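Here chain A shows up in two complexes: once beside chain B, once beside chain C.
Entry: the complex of A and B
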């Protein structure tokens, strides 16, 4: 994974698998840091699961016994002088359950990777889970990109899925336009 | 070629011998060299040697996923304690050498040529 967008996809898929209905994704590039946050209302994790999360030999998958999503993310964060913090409330503990992951990267560090195709990543997520309300924000040098699937659904009304090709094509253009505000 | 022949010819140290692995019997077939673990995950193939300078627990996880014949740590890199523990627990064979990744690649190449 030589682009940040691949890490983002990998981490957000954990929220999708946790049965989340709302997932907030934000990437804020400011000064020397890039801060990537994912907040979901999925089933959450128990304290024991949370403790083991950065261990590659822990995974909730049934198909294989190794999970490298969070370990790789933590490795990249720490290599660039940053960190990963995860807070989670399991559904057995509270009705207000979910997980919040905050990863900080030294964005000018020599070992940091390019951001990659974030528009493509967001499209992939919406296409795979059109019923989930994704809220996306990416603020960087000269752009501040926002997308709220809730707002889109309110405009489109019931019966039109966000996974319709026309809708996805519109979202792609909407995101790309915001990434190049001057219309380049 | 067997791991035993490789270890003797290149004077490798055996950092951990995978459970049930016998060096004179275990064959390797091909080599991958690289330190970017997510890339190694898709490029190290079954029964290959993987030469790297990375030494954390994730290395053992990738070795376990790819079923490589052995990991060779170059430049006298030592496994971190939690990585060594994972190697023992998961039966991953880890070898060590003072040579650089490049020197190891050349040495393995020459050895396999002589063997043909």
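Entry: the complex of A and C
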């Protein structure tokens, strides 16, 4: 994949499929590193699943026999001198279950990819799962973008979904404005 | 800068509209958004459908949703169109431009764009 935003979309989809209600996504670019963190309250993984996670021939899905999401992410991280760490508590172990993934990339490394269309990724996630409370933050050179779906839901009330096209269009502009603070 | 007040204005404008809306739509457009779809370019395809349906004012009877991998990864981005009382149409190797054409000819015009369907790939 040629944009970091696509890796982010792909990895966060795992949290969505794990049945999470709250998903925190953060991307912090500082000095040498870009650190991407996802924290969810989904069903989590067993130790067995966690061990096999970076094996491309392991997947829980039924439609095909390979799972490339985490292996792709790990490959990009390691190619740029970074790493991926995943902690997970399965729902059979504790009521306080979920998964936290931290990926670190050497952001100036020649093998790193452009950040790409992060707004497109956030819009796609909200469109697909408007009921999930996504909290998004991306801090980089000259911008600090934040979006909290709880805040938007508090304004919209119960009747209106975040997936309504008018609302998605507003979110898109809201994010784009924050990405280019000089363009006020 | 966009403000939450503007979102409030959108809410007030929409409230009447949403309450009139009936059912979930006669046409459902489903875009595959697993790793295979995303890597092949499904995100712009999805967004083209969402925006196109909204711009054409078709939101009342067309629903755009996402799904996982349906098992034909080599043909991603895959888009399925479900219509009431009709056979499902499966589009393969989609792009944002093809999505616009599908909205125009199939969703609005009622005729599937056969050259983009899986049938045209001689699977």
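Please note the rule applied: the second predicted complex is superposed on the first by the 183 of 184 C-alpha atoms of A that agree within 3 Å, B and C clash if a C-alpha of one lies under 4 Å from a C-alpha of the other, contacts with A are read in each partner's own complex, and residues count from 1 in each chain.
Assume a residue touches a chain if its C-beta (ideal position, glycine included) is under 8 Å from a C-beta of that chain, and two chains touch if they have at least 3 such contacts.
These numbers come from a predicted model, not from an experiment.
Touch test for A:1: chain B only (first), chain C only (second), both, or neither?
Touch status of A:1: both partners.
Looking at the overlay, what does A:55 touch: chain B (first), chain C (second), both, or neither?
So A:55 only meets chain B here.
Does the superposition put A:81 against chain B (first), chain C (second), both, or neither?
Once the two structures are laid over each other on A, A:81 reaches no partner at all.
Which partner chains sit in contact with A:106 here, chain B, chain C, both or neither? Use first/second/both/neither.
neither
Considering only the touch criterion stated at the top, classify A:128 as touching first (chain B), second (chain C), both, or neither.
After superposing on A, A:128 lies in contact with chain C but is clear of chain B.
Which partner, once the models are overlaid, touches more of chain A's residues, chain C or chain B?
Partner with more touched residues of chain A: C.
Of the partners chain B and chain C, which touch A:68 in the superposed model: first, second, both, neither?
both
For A:173, is the partner it touches chain B (first), chain C (second), both, or none of the two (neither)?
After superposing on A, A:173 lies in contact with chain C but is clear of chain B.
Would you please give the residues of chain A that touch chain B in one complex and also touch chain C in the other complex?
Touching chain B and chain C on chain A: residues 1, 6, 64, 68, 72.
Going by the contact rule at the top, pick out the chain A residues touching chain C in the complex.
Touch list, chain A to chain C: 1, 6, 9-10, 13, 17, 61, 63-64, 67-69, 72, 117, 120-121, 123-124, 127-128, 151-152, 155-157, 159-160, 164-170, 173-174, 177-178, 184.
In the complex of these two chains, what residues of chain A are touching chain B?
Going through chain A, the ones touching chain B are 1-2, 6, 55-57, 64-66, 68, 71-72, 75.
Would you pull the chain B residues touching chain A in the complex into a rising list?
36-39, 41, 56-58, 60-62, 64-65, 86, 89-90
Write out the stretch or stretches of chain C touching chain A in their complex.
Within the complex, chain C contacts chain A at residues 1-2, 4, 6-8, 10-11, 13-15, 18-19, 33-36, 38-39, 43-44, 46-47, 50-51, 53-54, 59, 64-66, 68-71, 73.
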